[in-house]
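A, B and C label the chains in the order they appear, each numbered from 1.
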Amino acid sequence: MNRSSVEFHANLATGEAALGEQQRVAGAMRAFTREIGALSALRLESCVHCGMCADACHFYIATEDPQYTPVLKVEPFKQAFKREAGAFAPFFRWFALKPQVTADELERWQHLLFDSCNMCGRCSLICPMGIDVAELIEQARRGLFEAGLAPKELYEKAAHQRRTGQPEDSSEPYRDRLLAIGRQFKVEMPIDKPQAEVMLTVPRTDIEHYPAAVAALARVMAHLKADCTFRSDGLIAENYGYYAGGRAWQREISLRLIEQARACKAKVLIVPECGHAYSALRWEAAELIGKPLPFKVRHITEYLAEALDGGRLKLRSADLGVTAFHDPCQLVRKGGVTSAPRRLLHAMGIEPRETTRHIGFNVCCGGGGGVLDIERAAPLRHRVVEEKFHEIDATGARTFLTSCSDCRRTFDDGKQHFNWQQTPRSLLELVAEHLQGG
Amino acid sequence: MDLVDFARGPALKVAFVIFFIGVVWRLVNVLLLRHKRNLSEPRRSVGASVWGGLKAMGSRSWPHPEFIKRTITGEALGYSYHIGLFIVILLFAPHIIFFGSFIGMRWPALPNGLVTIFAVITVTLFVAVLFRRLAHPVLRRLSNFDDFFSWFVVALLLVTGLMATAHVGAPYPTILGLHILSFDLLLIWYPFGKLMHAFYIFPTRAVDGYLLTRKGAPS
Amino acid sequence: MARPELQPTIGELLDRQGVSRRSFVKYCTAMASLLALPPHAARAMAEQLRAARRPSVIYLSFQECTGCLESLTRSFAPTIENLIFNVVSLDYDDTLMAAAGSQAEEAREQAMRANYGKYLLVVDGAVPTGDGGVYHCAAGRTGLDILTDCAKGAAAIVCVGTCASFGGLPFADPNPTGARAISTLVPGKPVVNVSGCPPIPEVIAGTLLQYVTSGRVPDLDEHLRPTVFFGNSIHDRCYRRPFYDQGKFAKTFDDEGARNGWCLYELGCKGPTTYNACATIKWNNAVSFPIQSGHPCLGCAEPDFWDRGSFYSPIPSPRWGKAGEVSPAQAAAIAAGAAVAGAAIGVGSVLLGRRRIERHQQEPKSQSGKGNEE
């Protein structure tokens, strides 16, 4: 990655000049050191450089380029740890065994930490030492963010979302778009009820690209007669602060939803078909705000599977021919939503033909974690999705489902690029189409 | 005082002390850093998560089936030389006497001739490990001084050990002295390099097994 | 003044004593085989020896127990070892010679003068150098003085026994007399060490004989021992070696393994680190040697063998300093001490690390970090 292709964006939010090198390093070090704790230290200390994590990462598998070795992606973070807080930190400093990270290196690592990692956690499952490499990468992203080196697209969207609640300007506010979708699909959109059992959120990707999925959410909830509502001030599920590595921004963006859920006294907050939104809210929000959430966070498939078990939801069987299902990494591998999607499929009489690697071990779509938004990452992303296409083709499936709109977008994007035969479909939409008595 | 007496006497004592200081130092340094509380609603109970952590300590010893195809070379090599090292270090009669005298017990040994054969195999595997590290693009990219020096220290022990039994290079006591000195070197280097992995591996696996199970995620 | 050429050749001497050619050749054959020479060399050796003139030998004894000399003179079969006295002219040996006092000293001085630069100095025992050397005096002179004096004109020095070779028992910790090995006291002189406590008589004789035959110092190992006798370790030639290789060890002196003649390694056998000819030449006219009699090798032919812990503790016993073996309690105590120190340093380094982390948090915020305050 040469310097000219690195986007400097520090002035975007504030209009101020780009950061000097020293400030970049200081920013990175501040974030890196803040991320140092017993857990990250244990992980950083443990690595034996066995190289196996490369064999888990689709970016390496697709390219065979050693720079994409997962644990290499955290090198600047590791460097900071060794120099600042490791057992032998003073020696590392005095004898320059590990040099201070440079602005140049940080720039080079932008490509490694953002363009070529979905924070999917596959590497964490292969490591014989048991190191959660993906989590380290997430922490390392935070360093780059504070060095002003988050990729432009992610940074812009995060800044925008933090200010306005939605990651980008739209011709009409998303709230209005939501209501328009309701009219278009003839389904009532519950919005801004002062009080509701369940608060709904919506992926911006669905609003922009898959309105039918938004309608499906409302339809299914209506079918279940759930006391639920969207909230205009806490509508968007994605968290671009999380993608960009802005810890405080991620927190603020989550807080917006949390406050809305609190305001309407929701007992459950539904994360729609968006994987990283699930990670951010289900597993990280409480830690970031420093206290447990006063409500439960559920993915829509989890919520529906619970309804299925409670007998509140009955589904007609669907005849889709051979069907394959893509496990979104954040839901399944990292999120623990392992059985819900398959229980729903089962209820519709679908036994998916599994790809060779599935459930916790599936290969990623390659677009998650913000990669889809990074324009220059497209060629790399395509190589990854190609890998996945081969796997799906090998199942001989006629129908291809997933339950994350970012995965879906990534597949659609790859489909265009490669003229792929399949069309990724949403599990939620499928459920909405097969409601019994609905 | 000749080489053997020095290596087995004062040098060993110093190395022994450095080993314990270093290992504890490094572990304490990790342990006492900030601990994060987990505040998100767990999917699995504490008991289940702890059990998940315990399970991960063992289950990570073999890759999930999905990964085997790509990692089998590394696994096979890794397993073979670790088993070799285990046999040579802990099942060789002289070694048992040596290590046993620190804890006041001895345990059954394998025949020395057999151990020598294992040692030869282990050295060969170890050479293969080095070549792989130099040839494999990922490993070459990852490798640093620590990787090579740790390799060297262990390899030195294997080679001097074999030279001592095979009586090549120099008179037996000289080689034995070098062998013991290499062991002193191993003890001294141990806490500073990746050989610490023997202490880290189970805690790391356990912690991540616990955290992943807590989320209901595969581990 | 006796001139060297007055010495008769060895052949003349043997004839005069009625030793037949035949038995002399037999003697030489035996010797040649000890020296690992090919059989045909024995005849050549016999001829060479017969033509040679007996070298003058001065035998000095210092801090020793006379065991070495006993070993040489009290051998079972007097032929081989005692014949050595026909091969050399033992001009001074205060233990064996009839003369005493100033007469004896005169004999020595005369031999030295007559054979200056040619005589062989054989030394038995270590030389005390502490406190001005007062711990060994003869005829009013210190041992060191005598040694230095006698070494001056010697062609070579042969140290008989471990005390002369390496200091031996007098040298053992705490070495109150400041005893030292001969080789450290005679700079520049060729020294041959025939170590052992005592050395095997055949080895002493063989070494001397080889010197007489060839007229030069034999090939030596790093401890200045003739490689012909000290080239292999006891362990290399031990008949119990197959048991070692199979891992069959006697654990006590009266167990099954001991009765079955298994390897004595775990009972402290120092065979692997000891270079000597016991396992091949054996003792008492090749009747037996310690290991064959069921006792581990003590390692008596090696330097510092007195200071290597108990004779019954196995070789690989860690020993911290000269005090002896490590006990588990001691090891645990040291480990615990080190661990406490390590923990203390660890706490210190964590505090240091945490301070560094704090300091980094204080650094001026970059623009993009604005809003990072929580």
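In this text, a residue touches a chain if its C-beta (ideal position, glycine included) is under 8 Å from a C-beta of that chain, and two chains touch if they have at least 3 such contacts.
Bear in mind that the values here come from a model prediction, so they are computed numbers and not experimental data.
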Category of the chain touch graph - line, ring, star, complete, other: complete
Most central chain, judged by mean C-alpha position against the global CA mean: B
Chain A and chain C: spacing of chain centres that average the CA atoms, whole Å: 76
Chain A and chain B: spacing of chain centres that average the CA atoms, whole Å: 37
Chain B and chain C: spacing of chain centres that average the CA atoms, whole Å: 40
Chain A, residues touching no fewer than two other chains: 36, 85-88
Residues of chain C engaged with two or more neighbouring chains: 346, 349-350, 353-354
Chain B, residues touching no fewer than two other chains: 25-26, 29, 31-34
Sites on chain C touched by chain A in the complex: 346, 349-350, 352-354, 356-357, 360-361, 363-374
Touching residues on chain C, where the partner in the complex is chain B: 221-222, 233, 235-236, 244-247, 249, 265-266, 272-273, 275, 302-304, 307-308, 314-322, 325-328, 331, 334-335, 337-339, 341-343, 345-347, 349-350, 353-354
In the complex, chain A residues that touch chain C: 9-11, 13-14, 16, 19, 23-24, 26-27, 29-34, 36, 84-90, 145-148, 150, 155, 162, 246-249, 251-252
For the chain B and chain A complex, residues of the former touching the latter: 25-26, 29-41, 43, 56-57, 60-61, 63-64, 66-67, 70-71, 74, 78, 136-144, 146-147, 192, 194, 196-197, 200-201, 203-209, 211-212, 215-219
Complex contact set, residues of chain A against chain B: 36-39, 41-43, 45-52, 54-56, 60-61, 64, 66-67, 69, 71-72, 85-88, 121, 124-132, 282-287, 290-293, 296-297, 332-338, 356-357, 359-361
